[in-house]
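Before any comments, here is the structure.
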């Protein structure tokens, strides 16, 4: 068991980075290298590989380890790399985290359960089992909206004796949960808000960081909002956030992957290739999203001289 | 048609005041007088009579006018009195606002439709018809969660040519809506957040005021949060809000009336009488709510010297 | 207290009859007389006045009693007339059923609570209070989808000692509930299915009757389905039901009143006038509904010689 | 492309068979052999391996092929064996069906998409791609409740030119969908109802078969209901179904796997072992389920002499 004091207290902006593919659905290693570098250069505080936004559900265990290895190589210690664990069985998760630990990732993002609507007892057992086996600092990803498993403040209180669990990514779509978590748990866990268009609200109400999506295309603006709020410059942060909101809404959609990959393509840092059953946006839907993105680009706030 | 410049720009804390009854379900006029006075003395900026929290659905037209008259008499011009319009037909609403206008209320709170899940065309027609007939400044109350009618930013843009509509009470349970309203409407309408346990978030993101429930029992604390945030003293406001949150959750419940009347009784400014089909809380449910309230009372923040 | 054996065991087809208006929203008495007669001539087994489909929420107590009086006059004892009780307070319901009893209605349809999401204790208290005061046979209308109050089989078991409660109108949208009610309650209550496009399923699974909507425009077909199923001629009933289904879907919509009034107008037994906030259908929406209705009219099954 | 006339028209009772494990989570081959045999002896018309109920999400591709191979070996041509395809990417599904086709399965059950809420275009592309590659008769499994992907009647009309798609397993929880499918599609597809406690209703309204869960523990009763309804002996079928309903409700629960495995254990044809994150039922929850099952066993209808 680690000394808690030895464990990291993650904070700041952690993008859930998209996974890059060639047109034939194979991994595009060079594109990923460029993109991880782009994120770090723009000031993010960590990298999360192969989350939902990273199309985890279409990747093999081997591919996910390869992506984590790329991130580690690019980061080279500049920011922590967290491998997302979203296997649908405990057995598979154990195989995966063994590999991730060998690679030397700095931590995990861990979903309590996928596809199966586990109850709290099952979800907590799964989280403990995987985190203890990995022996790595872990951010638990709570997303009852998408995954029908809800770990509530009282469950995190119960899990508090597992030292590896150092942070919570909260994606309930219920901003009140942040205050409930704080009231129940104090500062036992670092709290990350996992919903892009609740990020200002989350930081205002006391979150320690953002697990961000549109950051993949707009890292400088995401980092600026975070830093302004740390500096209590709320009005300036709100102004950028109001500009950003139509873009951030693109993260709260079944098509978030395609939306964000289109944004990456339009700002010149990625392409639209996805793995099936996902297909790239077409027709009126693509136009509507592209219009929102283009308007965002055209009215981009000037960040120079902010800090 | 009024000059827009002549219309009020409401801001601050407006409690939706509970309606007081004797044990036999008759109106308790003296209790209402005391309570309106209590609110004003504690610094609220307006009074709303006979909202959902005021058990509007159990009151006759005559009773609702009587309650508005009491509020007007007590306020005596100190703060504006808004009569809530929640009739289930346009015909009945027209009868009611005629009476309210004669009484001299300073404004209306107006629900787009009740019981019937009107579409936007119907809801907008209803809102225009009633507001124009009343010729009174009006806060439109948008609550799709309870009433299945949703007026979205684009609808309020369409309604912007009706000068009487001066404010929006936003109760979607979706805090993002505030930014969407601002981005679409600028400052055309004053924005009030109508969900107690989203009030800090709402003010942080730019709301002009609170349409508040627990304020009925805890007006000083509600007003303090509002004033601290106006003064950009966010950390102090957040500390009070964290204390307040377990109480504020009592507003987001089918039993909000009983919860808040119990809170009023426990702080000594009301009683638990309700009109059927509501019944006062009993047994374990009452104990659980009372425990939350008592804990709130016991740990009440010291507001002296704040301003 | 009545002897249970003296109470009616309603069965068959009971339409929730629409309320007819002139263009100026005033009651159209002659149109209602014609329509009640039309229903009875086509074989319905009872009439329900001023339900949700009868725009109850826009009618005054006096108007609702007037409509019940018209139905009683037209029926003249041929079929029972049930006055629907959908007041939003117990006080108002008591005033209303006093009037209805004086008129001599044969029974009530009674909603556990409106607008307020009463819990089971409150809803049961309300139902008992009103039914006992009315001293009339009562069909309890359970519709948690629209009204957020759910009386479950165990609650009806608890209410079984109130002899006036003789029937249940089940509108949960959950057809399984019928079997659960039967398994829990045996034949204590007559069971009516209250969702048009679950009516074949409801009768197949053992309901005693239909509380029907599209019956307002198509009573002969509704009655035919019921009678064929009573005669175990399921294949014939299913064939008519399959024809009827696109029409029956029009009952499961926020616009059910407008849809069904349009159907009445198109088959020549009514008009499209509604009370605000409802507005008649317009544009593409009206065309789409009219197309469904016209197709139903064009392909109407031949019922001659069926019985 | 196959001649449509050469393709099977599946009908009757197809259980989604549970996958058997040892206590250490390894596959229990002998238990599966016994259980497939038990199903066939009791008259089922087909076998589906590794569906949701078969804990597909915890099995590797190789394990799923092994289970299909066991079913094929036991069936030995007596009933068709359908391998369920529930991979979360098209790529993985293609790998899997290649293996299944080599084994010689008689068909597939195919989910339009898992984990990703594909739109209709994406879901249809996925279904076509996989079915055409497999070149096997396929039952499309539509379950928007669990998987957020809905193929509606108009989509199945569009897919009708893909000859391999021969049947639909309908699990919308919306029994009306059956009539909509029939009205739109006629007899192009065989229709299976996939929700246990809507099975009587589904057969009454014209389904061709059941994709059944509790059948794993009670195959004789499931088959009896189907056969009685085919023989138009509805009253007898309903009586068995009413007995069966409390058990069938156990299929509509996040814990359906544990519930049905407990039922199997209690009737002596299985054990309670599951793969994590699932855990066996414990405590009050287990007792409650066991009580329902035991009551079902104690009051089991006598089927002797029925046919």
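Letters A, B, C and D name the chains as they come in the text, with residue numbers starting at 1 for each one.
Criterion: contacts are C-beta pairs under 8 Å (C-beta built on N, C-alpha and C of every residue); 3 or more make two chains touch, one makes a residue touch a chain.
In this text the structure is predicted, and so the values were computed from the model without any measurement.
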item	value
Subunit B to subunit C, fewest steps along touching chains	1
Turn needed to bring subunit A onto subunit D - CA fit, degrees, nearest 5	180
Copies subunit C and subunit D touch via same or different residues, half shared test	same
Reference subunit B; chain at largest CA-centroid distance	D
Computed distance of Cα centres, subunit B from subunit A, in Å	37
Where subunit B and subunit D are represented by their mean Cα positions, the distance between them in whole Å	52
Subunit D: positions in contact with at least two other chains	none
Pairs of chains, among all present, that meet the touch criterion	A-B, A-D, B-C, C-D
Interfacial residue positions of subunit C with respect to subunit D in the complex	175-176, 179-180, 182-183, 197-198, 200-201, 204-206, 232, 234, 238, 241-242, 245-246, 249
Footprint of subunit D on subunit A - complex, ascending	25, 57-60, 88-92, 112-119, 121-123, 125-126, 129, 148, 254-255, 275-279, 282
